[in-house]
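Presented below are the structures under discussion, each in the form of C-alpha cells.
Okay, so subunit A shows up in both of these, paired with subunit B first and subunit C after.
Showing the complex of A and B:
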C-alpha cells in the first residue's frame, strides 16, 4: 500500500467523521418526525378526517412511492429501463439463443429441489408485490424476488435451459414493455376518466383530491386495493422481473459465446 | 469508516470488479445512513413503529402519526436502491465488454495495453 493511498484513506475517514460530528444534531433521532413525514403518516390511510388528501393505503412507504411522489418512481422506472436497454445495446449481436438439451447442470438432487422451490419463489414474489399496499413490500421487491428464479435456473440447469423452455429475451422484452405500458396507463387512467366524464382530474391521481370529481375505487367488492397502487405494483412486478431476467440471460449467453470464440 | 473504505476501493483498487463492489458498498452505506436519519426516538419507552397502519381506525391513524418512523427516507432509499441496481447492471455489461476487448479487467494492465 503506497503512502498516498494511506493518506487519502485517512483523509476521507477524518472528513466523514468531521461531517458527522458537525451535523450530529441532525442524526440524533428526535421524538417527532418532520412536518412532511407527519403529513404523510397522517394522510396515508385517513378516510375519517382527511378524505380529500388520503392515499387509502395502510403502508405509508408505498403510498409515498406511488401516490404522493409518483413521478419520482415513474422516472426511476425509466432509468432502470434505459440502463437495461444500454446493456442490451452493448451486447447486441452477441446473444445467440439456442436451446441446450439436458445433460448439463448440477446433480439431480439440486435439480429436483429447484423444481420444487421454483413455484414457491414466484408465489412469494407475487405475494410481496400484490400485498405491497398492505404490508412492507411492493412491485420492485416482488419483481426482484421473482427474478431470482431465472438466475437459479441458469445456475442449476444451464444457460440455455430457459431458452429451451421458450423464455427468450424477445418475449421477456415484450412482457417488460407490457408492464411499462400498464404503468403508463395506470398513471393516466383517472385523467382519461375525467376527460370522458368532463370533470377535472389530474395525471397520477389516485384518490379524490380537492377540485376533482373522479377517483379510483379504493375497494373492489370489499377488498382494499388502494386505487392505483395495486395496479402500479402489479405492472412494476412484471417489468422488474422481466428486466432482470433479460439481464441474466443476456449476460450468461453472451459469456458462453465468448468462451467458444476463445476456443 | 465504511464510506472511506468504499471510496478507497473505488479510487485505488486496480481491478474492475473490486471497483464495482466498492461502489455497491458506497451506495449501501449512504442508504443505511438515510434510513438512520429517518429514525424516531422512543416516546415514553414505547418503541417506534414501522410506518404501516395495522389498526384501520381513526385512533390507529393518530397512533401511527405519533409513533411511526419517517417513511420518506425509506421511500427515497427504495428509489435509490433500484437506480443503483440499474447502474450496477450497466457497469457489469460494460465490464463484460471491457473484458472481451482487453482479455483482462485489471486497470493497470488495460492502461499498459492502451499505452
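Showing the complex of A and C:
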C-alpha cells in the first residue's frame, strides 16, 4: 500500500514535469502584448492623448477592477455580503456577546509581541488599500490583511477578547454596512452631481467621458487619487475587514456557548 | 550560466512540483490539522507562482486569505468537530 502511494506521487510529479518541459514552448507568456492589454495599458493613465477615456490610475489592475468593469466588482462585493449574512443566520441564537474574564490565552511573551505587531498589521493593510491606485493591491487585499488581526487576537488572547473591548458583531455589521453604503454612494456620486447641475453623466463614471460634463477630481491638492478608485478602495477595505471579523467572532463565540451547554 | 528567464521558469517548475506534493500530502493525511498545514503550504507556494507570473495583486490577496484566514476558520471548525479522519 505504501509502495503504491509512492508510485502515484512519483507519477504525478513526473507528469507535471513532463507537461512543463513539453509545454515550455506553449505555456510561456508571450513577450509581445495582446491587443486588449495594449488598449488597457494605453488608456489606464493617459491624460495627454486620451483625456476622455482614461481612468487616471497608474495601476492597470485597479483601474480595470473598479473602473472598466466596476459593476462586476460591485456584484462580487454583494455576493460576499450575502454569504456573510447566510453565515450569521446559521449562528443566529448561538451568539451571546458578554464580557468574560481575560485571564486566558497564550504566554506573556506572545501577548506582548502581538500587542506590538497589531498596529503594524493594520498599517500594512491600510497602506495596501489606500495605495491601491498606485501600487499592486486594493481594497480587498488591504481588508483581508487587516482581517487577520482579529483572528490573531482571538487566538492569542481569548475568544471574548474583542467583545470585551467593545468590538461586537452588531458594531461590525454597522461598519460593514457603512462600507457598502459608501461603495454604492461612490458609484452614483458623479451621476448625482450630473443631476444636480443638469449635465449628462453616467452611473459608475470616474473621469470625464464623451458626452458628459462632470468628472471626479483626479488630484486633490496635487495628490493623485484617481477619482472614484481611492474611495472604492477605502470603503471596500472597511467592508472586507469587518466582514471577515464578523465571521471569526461569530464562529468563536458560538463555540464557547456550545461548550457551556455541554457542561 | 542559466539565462534569467529560464531560471525563473525553472523556479516556477520546482515550486509547482512541491505544491503538487503538498496537495497530495494534504489529501492523504488523516490528521486534519496537519492537512490544513499542508494546504497552507500549497497556498504559499501558489503565491510564489503568482508573483513570478507578474500578478502581485492576486498574490497580495492570496497570502492573507489562503495562509491566514482559511486555515484559521478550518482549525476552528476542526476544534468543534473531530481531529482524525475516519474511514
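Criterion: the second predicted complex is superposed on the first by the 235 of 263 C-alpha atoms of A that agree within 3 Å, B and C clash if a C-alpha of one lies under 4 Å from a C-alpha of the other, contacts with A are read in each partner's own complex, and residues count from 1 in each chain.
Here, a contact is a pair of C-beta atoms (placed from the backbone, for glycine too) under 8 Å apart; a residue touches a chain by one contact, two chains touch by 3 or more.
Everything numeric here is computed off the predicted structure, so don't read it as measured data.
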Subunit B versus subunit C as contact partner of A:128, first or second or both or neither: second
Which of subunit B and subunit C A:42 touches, first, second, both or neither: first
When both partners are placed on the shared chain, which of subunit B and subunit C touches more of subunit A: B
Which of subunit B and subunit C A:174 touches, first, second, both or neither: neither
Touching partner for A:137 - first (subunit B), second (subunit C), both, neither: second
First, second, both or neither for A:151, with subunit B first and subunit C second: second
First, second, both or neither for A:33, with subunit B first and subunit C second: first
Which of subunit B and subunit C A:252 touches, first, second, both or neither: second
Subunit B/subunit C common contact set on subunit A: 5, 8-9, 12-13, 16, 28-29, 61, 136, 138, 140, 247, 251, 255, 258
Subunit C-facing residues of subunit A, complex: 5, 8-9, 12-13, 16-17, 20, 24, 28-29, 61-62, 128, 136-138, 140-141, 144-145, 147-148, 151, 155, 244, 247-248, 251-252, 255, 258
Sites on subunit A touched by subunit B in the complex: 5, 8-9, 12-13, 16, 26-34, 36-38, 40-42, 44-46, 48-49, 58-61, 63-65, 69, 72-73, 76, 79-80, 82-84, 86-87, 90-91, 135-136, 138, 140, 240, 247, 250-251, 254-255, 258
Residues on subunit C engaged by subunit A in the complex (per definition of touch): 9, 12-13, 16-17, 20-21, 24, 28, 53, 56-57, 59-61, 64-65, 68-69, 72-73, 76-77, 79-80
Touching residues (chain side subunit B, partner subunit A) in the complex: 1, 3-5, 7-8, 11-12, 36-43, 50-54, 56-58, 61, 64-65, 68-72, 74-75, 78-79, 81-83, 85-87, 89-90, 92-94, 96-97, 100
